[in-house]
Amino acid sequence: MPNPLSGYLIVAALIFAIGLAGALTRRNAIMVLIGIELMLNAANLNLIAFWRYGPHPELLTGMMFAIFSIAVAAAEAAVGLGLVISIYRHAKTSDVEQMNRMKG
Amino acid sequence: MLGDGILKGLAETAKNFAGSFVSKERMTTVEYPEERLPLPEAARNFPFLVYDGDDWEKGLRCVACQICEKECPPKCIYIEKSKDKKPDYVGKPQIYPAKFDIDISVCMSCQICVEVCPFEAIKMNTEFELATDDRFGGLLLDRKQLARSNEYYHEIHPTEASEVDARLAEEKAKVEAKAKAAAEAAAAKAAAAPSANTPASAAVAKPQAPVEAKPATAGKAAEIAKAPAMATAASEPKPVPGTGTDGPAPLTAEDQKNAETPAKANAREPKAQGEPKE
Amino acid sequence: MGLVFYLISAFAVGGALAAVLLKNLVHAALALTIAFFGLALLFLRLDAQFAGFAQILVYVGAVAILVVFAILLTKGSEVPKDGVFSKSWLAGLAISAGVFAVLAWAVMQAAPSLPNESAVPSVSVNDIGNALMSRYVLPLEIIAVLLTAAPLGAVIVAMHEKAGKQEKLGAPGPGSPRTSSGSWGGDFVSETWETRKN
Amino acid sequence: MTERLDQIFVVLKHWLLGYLPESWQTPVGVVISVVCIIGLYPALFAITTVLERKGVGRIQNRLGPNRVGPYGILQPMADGIKSLTKEDIVPTSADAVVHFLAPIILVVTVFMGFAVLPMGRNMVLVDMDAGLLFYFAMGASTELSVFMAGWSSRNKYSLLGAMRAVAQMISYEVALLLSSVVIVMMTGSLSLVKIVEAQNHYSYGLPHWFIFTPWGFAAFIMYAIAGTAETNRSPFDLPEGESELVAGYHTEYSGFKFALFFLGEYVAMFSISGLGSTLFLGGWMAPFAALQFIPSWIWFFGKLFVSMGVFIWVRGTLPRLRQDQLMNFAWKFVLPMCLLNLFVAALWRFMGDGWLRWVVCSAILILAYVSIGREGMRRKQFGPRSYRYAE
């Protein structure tokens, strides 16, 4: 790595790509959510890295963004998993490929 | 208000905690190996063999009649009769158990052996610390391990033991009286009066049966009554049928039936198995 | 840089890979917590103490548990027979590989112009609190509203509706509500009514 | 002299480190501290187990263990040897890796919490700026290990116990955090060292502990309830309710792994007690100004043992709650009280000095306590049990 920031960015990109792959290739709705969580986390890593090596760390912009993103991700996980459970109750499956009807 | 019950409970347990250091009466536990609670008199565990006197081998009351062995529901008693005889407590020569084993891993403490024993020879022990590291040999007690003195019996079941002693003493006295009567009768027979003997021995046997309500003891009475008769049989054969018809007869028949049933069942079993083949 | 960075990165990336690849969903969720933990360590390495601990508290303590609960509630702990990957997995893989290639290329292109080593920012929790309460107070309030609304919504969505309640809530349809009812009592009433008619 | 005794461990550590080259001192110092913590708390755990058994015995008018050694004080040694020599059984269908990792993760995360607890003046492993947050982050991680243990055992009892434990810990963690946040509000710091220092002054010979304020007292009660539930102690020991679930999530553990769970549970109790005394009871401070000559670490561990004694006392007194009572209590009593307490603490802060704030804050809290309690009792949500029998 030429400099530390790019190292963190590459790791973040890798985790983002892994999360994206998981969200796109897995059949289970919960696994899709797991992939999305990974992507959010990769974004958080980016934010923190940019805050750390940015020109004005004392302004805390990236850090704040990451903290808010963590909070939003928690809410998102709660709602997403609630939806998965609700869908599972209706369709008796959590396989996203079988959730192809508009009427439950 | 919410929580006052909790405070009340906490006060109660605090009282218990502090009180347990102050008053010994609060403590419900007994520190077992050092302290023991007295066992209730009716406590029972596994059977033991009673012996009189100091020598356990000589004083065993058991005459190896094998009634207990036959009656035992889980069949945990194993008796081998001796070839020779030794005198019992009344002085009559009897066979004795050459081998008397009780497998206490099988025994279920039902006390039936005690109830059927005509000789007061087997009683229930209260000893419960029988743990051993050998579950086969260690729990198979032989007659030496089973033998306990009559004094020990008095110690663990005082009321019952004194009753038994009184009964034995009474029987002994009666036997002696009867022996005396027999001797007198023999003397009388010598004086040519044979008809006098029969009512006398019947009178000995008869009152015992109503007094002892239990059939087992009645049977024992018959046995004891029979014993002197046999002793005198050599000199006088006549009283034997007289005593035999009087009461012991149905009992001995029942005993025989009991004794036969397992044997019969055993005999029948191979037949039943063999029948479909034929 | 240094060895520690590579170790932690390997930890996080390995956890993420395992989370995506493992067949058993509970294993995947546990691997996900490894990834979260690795990312939290990376945050700590970036001197973002508060964010790192918040990450552990929220993700490992709450989100992972939530995922695990959801897995157990949907009977997801059994491995399905017809494979865990969708039919179009190759396309998904290609897309994500492409995304990674683009991102990595961009990062590598920009690397020389990126800022190099910089001083450790001296940011205490106090500063974060002050910033939250002054400059970022509006986002904070919005997040607070979101965090109140989202769990409520999640609970309502996931709540198991009872048959009786549904009936009470539902508007009376064209038919008689008595005969259309699915409850035991309704069936009983409709049956007797019909038998009487016959 | 008292000064030296107070700092004896700090001085000892520095003296030991003096023999090492400069670059080694920091890592070796950390290692020494960690080893001390890892050695000390299991020893305290051993003492506590025997004290607990004897204490609960006394509460029930029994003697408790008294066979191994004089007065039974060597009982933990016997227990330890027994559990170490027992066969380690892993169920055939268990998930071996997860099953193996669960107790280790539990113990590690539980011990991590001690890193930020000040155990005496200048006796803290890391004086972290976000110490309290670190503590709760580690506390939250224990839930996962409990779940791992229950799930990997492939046993219904284990799984039920784990689900109960996780549900309970999540519910009460909210209360635990909210009751601690009051302290953070008043001191303006997440560092536990600073929190202790904020309480470190006396007036009329009495200390300014946070428990001696209306909001502090209310928060302490809520903290104690939530902490008891968080460590799965009686009366909140449903996850391992032996009458229903054999042993809950550690049903399928034996030997050393079971001992690790047992250790983890007790060390978690120590750490919750330690945090509680740091937040509300002045940490290593002496309760009276006149007693300050006694070393600070003695006060810390004394407070630890007193709170352990209360744990044991409560265990010997209260019966186990039912699951619905547990949840109702968490969400309908403890949580509203904690939220109200936050408001009361803010009020206290802005009312300035004077007797008025005492009256107002106490009145609000007592009123809320009585009314929420009465309402709950009326609806039979956390009152005495009522039994319904099958018809």
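By written order: A, B, C and D. Residues from 1 in each chain.
We adopt the following convention: a contact is a pair of C-beta atoms (placed from the backbone, for glycine too) under 8 Å apart; a residue touches a chain by one contact, two chains touch by 3 or more.
Worth saying up front: this structure is predicted, and the values here are computed from it rather than measured.
Both chain B and chain C are touched by D. The geometric centre of chain A is 85 Å away from that of chain B, both derived from CA atoms. One inter-chain figure worth recording: chain C and chain D are separated by 30 Å, centre to centre, where each centre is the mean of the chain's CA atoms.
Between chain B and chain D, the centres computed from C-alpha atoms are 64 Å apart. Chain centres here are Cα averages; for chain A and chain D they lie 34 Å apart. Multi-chain contact residues of chain C, defined as those touching 2 or more other chains: 50, 54, 62, 69.
Among all residues of chain D, none touch two or more other chains. The touch graph of the protein chains shown is a line.
The complete set of chain-chain contacts reads A-C, B-D, C-D. Partner chain D is touched in their complex by these residues of chain C: 26-27, 30, 33, 49-50, 53-54, 56-57, 60-62, 64-65, 68-69, 72, 77, 124-126. The part of chain A that touches chain C in the complex is made up of residues 1-11, 13-28, 30-31, 33-35, 37-38, 41, 44-45, 48-49, 51-55, 57-58, 60, 63-64, 66-68, 70-79, 81-86, 88-89, 94-97.
Of all the residues in chain D, the ones that touch chain B in their complex are 55, 58-63, 66, 313-314, 316-318, 333, 369-370, 372-374, 376-377, 382-384.
The touching residues of chain D, counted against chain C in their complex, run 95, 98, 128-130, 133-134, 136-141, 143-144, 147-148, 151, 159, 163, 166, 170, 173, 188-191. Those residues of chain B that touch chain D in the complex are listed here as 1-3, 5-6, 9-10, 12-14, 16-17, 19-21, 26-29, 31.
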